[in-house]
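There are structures below to look over.
Shared between the two complexes below is chain A, which pairs with chain B and chain C, respectively.
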Partner chain A sequence: MTIKQYFQDKRAKKSAVKRYTRSTAGNIALVLFLVAGGLFSLLPLIYCVSTSFKPLDELLIFPPRFLVHRPTIGNYAILPDLMASLRVPLSRYIVNSVGISFFTTVVYILVALMAAYSISKGTFKGRNAIFWTVQFALMFNAYTLAVPQYLIFSKLGLIDTYWIYILPPMASTMGVFLGKQYIEGNVPDALLEAAKIDGANQFKVFWSIVMPTIKPIWLTLLLFTFRDIWSAVPSGKIFSEELKILPQVVTQITAGGTARAGSAMAVTVIMMIPPIIVFLVSQSSVAESMSSAGIKE
Partner chain B sequence: MFKNKNGDAAVIPAASKKLRNYSRDKMLTEHIPMLIMLAPFLIFFFVFTIIPIFASIALSFTSYDMIASPKFIWIDNYRRMIVEDTTFSTTVRNTLTFAIIAGPLGFLMSFVLAWFVNEFTPKIRAILSFMFYAPSLVGNAYFIWKVAFSGDSYGYINSFLLSIGVIAEPIVWLKTEAYLMPIIIVVQLWQSMGVSFLSNISGLQNVSRDMYEAGAIDGIRNRWQELRYITLPAMQPMLLFSAVMQIQASFSASTIMIELAGYPSKNMAVDSIVSLMTDMATVRYELGYACAMSVVLFIMMVAARLLVGKILKLFEK
Partner chain C sequence: MSKLKKAKGIEELKSRYGLMFILPWIIGLIIFFFIPIIQSIYYSFCQVVVTSDGVKTTWVGLDNYNEILNVDPNYEKWLEESILSFAYSLPIILVLSLILAMMLNQKFRGRIFFRALYFLPVIIATGKVMSYIFTTTDEDLASMGVSGGMAAGMISVEDLTSALNMGPEIAEFVSQAINNIFNLIWSCGIQIVLFLAGLQSIPASLYEASKVEGATKWEEFWFITFPMLSRITLLVGIFTMVELFVNERAPLVEQVYGKMRGGQYDISSAMIWFYFLIACVIMGIAIFFFTKFVMKRYEA
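Moving on to the complex of A and B:
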């Protein structure tokens, strides 16, 4: 099998194939069940958005209401004033947050998936031991690791530099484990052999064969990593105002008590937008890359 | 491979030279590039995870308050935990109850939902997965449950039950021992549709099309047979991943419990090992003792992981 044949094969399979194993009653039950469950899961999101439009008297009202009655954009309109009192312009925090999140996410995906490929398809000794270590490390509670980690950060001079955002996430084991499982199930050895016979070296095989084949998983990993890094607060590790990121500014704004509860919710809603965008982009690309049989096909 | 003992090399010199070249080539073209790709992760993993884990295990044999330097006390922490500390045994019981119920249920739910959602066309699938993933996007979404289970007559659940006449008095949900564990488990399940759910969805994308076709020809009649004989075996690696994530999440749960029920909760009904550990480390500054707890928790999780591996093997073919 050559590489070309493999991908042609794949494309041929993508063209709609009728599934013989579906009943209409089953489909209808499924739709109803999923919509009910989905709406239930959406509740907190709806609550956040609705609360961010509540005027002050509705925020304080008792009993609390789920939905807003007289929506106002006041909570959002006051944000520029609150921001104006910051010592460093807001744009600096935005640039920090966006830059750090994207850079770290992209580098981590490469680091993790290269390691995953190496562990799942390599033939060198010790790769099994490494894999079990990765799995077990995932189970050691991160809480008690914080103190030794802090000592290592300060020994390496990472405290109060950009590196404290970028380097520690590289040690995250979740992406390696996820990638390894996915490559094992979805990248056939025959495909790799074909590429090698065509003269590609290991790096080329990884970049131009493995990465396209495992697109669904790196898109999903992109989402997990971005979400985590976007909302992480490096407490006690950053002191310079110029190096701080948005979640730290948010805590400054929300520190105002009940009077600022509305603006705090407005900020929370704004902070949710980038992860949601990343979610929509990544998941719709997952769907595009491997469209599978749907009910309507 | 071929061992060259005395004389062999002399008999077939050409062949043995070829073999040597072959293994050197393999070293250059296979192993070294693979190790180069593994190296970046391995270095960070060693420095930021492995060293701290060993440091933390070492600290578990000490008395350490984060101010004075650690004092070596042999296994006193472990003795205290097992023999003296009744709080610890309560938290172990709570953690196990919670993990045994919420872990497998969360695992099943995240697979079943992914399997259902995957039946749809890409656009609908994206919308549905967004809905189920929403609690993970909101972050601290459990606050909505605090309002729902509020103990006065204005909490959503109390006011609903009062209005339909099921109860006459508002129930103080989060301060009643009997209700706490079920409530926490429900909230955890509702919130756990994150990582496992989405990774199951991307796993299902690649379950090969001709496997389904071949199955249909071979006489697979309905969804259930298809699931058992085609999807489950093909999803094996992703299911293992999702199981490990559930073990991790259910054994180390504490945020939901502390936020909803407070710490300590009523009669310690839902205090988990990690809740107690957090308290030891941040309030009482007994870091050595907290480390010993995390070692015990780690051993419990590893045992659960090995057990789950055995169970999943049953579904392999």
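Moving on to the complex of A and C:
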């Protein structure tokens, strides 16, 4: 019995089918449910922010209080002093962080989506084998391969250079996986054929037909990649102070122990801001481009 | 270029472009992924000693696997825990994120705000923040040097339960439950976004037609929404399975990390490889059944 028959039978049995239309009460229930669930995702953030305003004695209470009782901006006010004691000016770390995050994200998205396009629309042999490899590769997270990877980094002379930030993400498979799935579902062959008949070469097709069509996916990747690279700490791979990025500064501050716990939280809160900005910027266009996700077959 | 076209045919040319597009990624994959992976498999059959002048390996065959499966009494326990938590998390996460995505897909005021809210964990859930939230044990607290611990601090569960005259077991249960809800909601962000994208790609005309035919919301879900989402469900399913298996909070992965930090690369490689083997089998079975019985049914 197929699902269709099942429901037809069921409907025949029930003489009066209850019609579902959302009432005001339904609307309120919907919002209430979403608020309840949303609280669970929002509370940790509030907790972080509230902790960053706690004076020292409140930080030491166990079990910790959720909200701060006597807020102080001391944790933030002390940051310039802590920064001043760094050997390299803070601006250098900021330039490194922003530059590396931006450059790596752009290169990564291009490499991954070109590969995804090639796997989903190319004609060469072994495409399926490559895609199975991608799925297999998804199973590995960075830590598992840390030691062998480190050996390769040092053999290639990447240790203690900017390349250590930029090159390793190239091997990531998440972008290729998501990209391939999305291109297959949303970029019709007819569209590509039409572009080719109009005389566009493959690079042109990729850049001006495929990329705009798959905007949601590259905005999503943009967000993830930026987030990961922004907060990455390449431990043991960067030694020169001039090449370090902001999360490493945070680590130095946290190393101050309990007395610095408030400041550590303050820095953590500040560090959260750029990914949230990237999200807000991409979110509006994600929503917009998802709803008009292009031609349907 | 035109000469090439004539000589080799358009198919050949297309495949050449295809290879060109994929080349940069393939090179990265080989250098930073395949070589390390082969190394890591090799380590699992070796005794590995890290010395100042590099890594020394001695071939020991299956000794490491024998050690974890027959000698170490804990390995099977961790394996079982990991698979169990996987088995109950996967359906809950999939159903919960689909429900939330469908709710967020409704038209109501402030839905952009709510979408952002549910996606928030994905954005800020990195390293530090996560460790603050999921820290519940005392050793963890001590090692962090902060009296943090989200679930412990958020709502004073102990106060609540003692006020209501409940036993410590119930208090334990309540705080465990709160932790689990956190865990789940915080694992749903990406899934919700993927489902949302899928929902929005369903043509509105299908729903209009079904409304004219007088279908109930329930039928609408099973005849339109669910079939149209079957591809994206597979995608989300694979993504979630992978997340659950390699998640740093999976009991077995946690142990492997511990051993790696301790420098036991041989044993930890064997541990993770055996785990991956089992994970791959489970995922393979799940994908097989989904494509065979769910997707095939609608494609006909």
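In this section, the second predicted complex is superposed on the first by the 253 of 297 C-alpha atoms of A that agree within 3 Å, B and C clash if a C-alpha of one lies under 4 Å from a C-alpha of the other, contacts with A are read in each partner's own complex, and residues count from 1 in each chain.
Please note the rule applied: a residue touches a chain if its C-beta (ideal position, glycine included) is under 8 Å from a C-beta of that chain, and two chains touch if they have at least 3 such contacts.
Nothing here was measured: the structure is a model prediction, and the numbers come from that model.
Visitor: Taking the superposition on A as described, I'd like to know which of chain B and chain C A:P168 touches: first, second, both or neither.
Guide: Touch partners of A:P168: chain B and chain C.
Visitor: Name the contact category of A:T51: first (chain B only), second (chain C only), both, or neither.
Guide: In the superposition, A:T51 contacts chain C only.
Visitor: Figure out whether A:I100 sits in contact with chain B (first) or chain C (second), or with both, or with neither.
Guide: So A:I100 meets neither chain B nor chain C here.
Visitor: Of the two partner chains, chain B (first) and chain C (second), which one does A:A261 touch, if any: first, second, both, or neither?
Guide: Only chain C; A:A261 stays clear of chain B.
Visitor: Would you sort A:S41 into first (chain B), second (chain C), both or neither based on which partner it touches?
Guide: It touches chain B and chain C both.
Visitor: Contact-wise, after the overlay, does A:I130 reach chain B, chain C, both or neither (first, second, both, neither)?
Guide: After superposing on A, A:I130 lies in contact with both chain B and chain C.
Visitor: Applying the document's definition of touch, where does A:A194 land relative to chain B and chain C: first, second, both, or neither?
Guide: A:A194 contacts neither chain B nor chain C.
Visitor: For A:L219, decide between first (touching chain B), second (touching chain C), both and neither.
Guide: first
Visitor: Between chain B (first) and chain C (second), which, if any, makes contact with A:I276: first, second, both or neither?
Guide: A:I276 contacts both chain B and chain C.
Visitor: What residues on chain A does chain C touch that chain B touches too?
Guide: Residues common to the chain A contacts of chain C and of chain B are 17, 19-20, 22, 27, 30, 33-34, 37-38, 40-45, 47-48, 62-64, 66, 111-112, 114-115, 117-119, 121-124, 130, 133, 135-141, 143-145, 147-149, 151-152, 156, 167-168, 170-171, 173, 176, 178, 181, 185-186, 202, 206, 216, 220, 223-224, 227, 231, 272, 275-276, 279-280, 283-284, 286-287, 290-291, 293, 296, listed in rising order.
Visitor: In the complex, go through chain B and note every residue touching chain A.
Guide: 29-31, 33-35, 37-38, 40-42, 44-45, 47-53, 55-56, 59, 66, 113, 116-126, 128-139, 141, 143-144, 147, 154, 156, 159, 190, 193, 195, 198-199, 201-210, 212-213, 215-216, 220-223, 225-226, 234-238, 240-241, 244-245, 247-248, 251-252, 274, 277-278, 281, 287, 290-291, 293-294, 297-298, 301-302, 305
Visitor: For chain A, which residues are in contact with chain B within the complex?
Guide: Chain A residues touching chain B: 13-14, 17, 19-23, 26-27, 30, 33-34, 37-45, 47-48, 62-64, 66, 111-112, 114-115, 117-119, 121-124, 130, 133-141, 143-145, 147-149, 151-152, 156, 167-168, 170-171, 173-174, 176-178, 181-182, 184-186, 201-203, 206, 216-217, 219-220, 223-224, 227, 231, 272, 275-276, 279-280, 283-284, 286-297.
Visitor: Across the complex, what residues on chain A touch chain C?
Guide: These residues of chain A touch chain C: 2-4, 7, 11, 17-20, 22, 27, 30-31, 33-34, 37-38, 40-45, 47-48, 51, 59-66, 111-112, 114-115, 117-119, 121-125, 130, 133, 135-141, 143-149, 151-152, 156, 167-168, 170-171, 173, 176, 178, 181, 185-186, 202, 206, 216, 220, 223-224, 227-228, 231, 233, 247, 250, 254, 257-258, 261, 264-265, 268, 272, 275-276, 279-280, 283-284, 286-287, 290-291, 293, 296.
Visitor: Under the stated contact criterion, what part of chain C meets chain A in this complex?
Guide: Answer in residue numbers: 11, 14-19, 21-22, 24-29, 31-33, 35-37, 39-40, 43, 54-55, 100, 103-104, 106, 108, 110, 112, 114-124, 126-129, 132-133, 141, 145-150, 152-156, 158, 181-182, 185-186, 189, 193, 196-197, 200-201, 203, 216-219, 222-223, 231-232, 235, 238, 242, 245-246, 248, 256-257, 260, 265, 272, 276, 279-280, 297.
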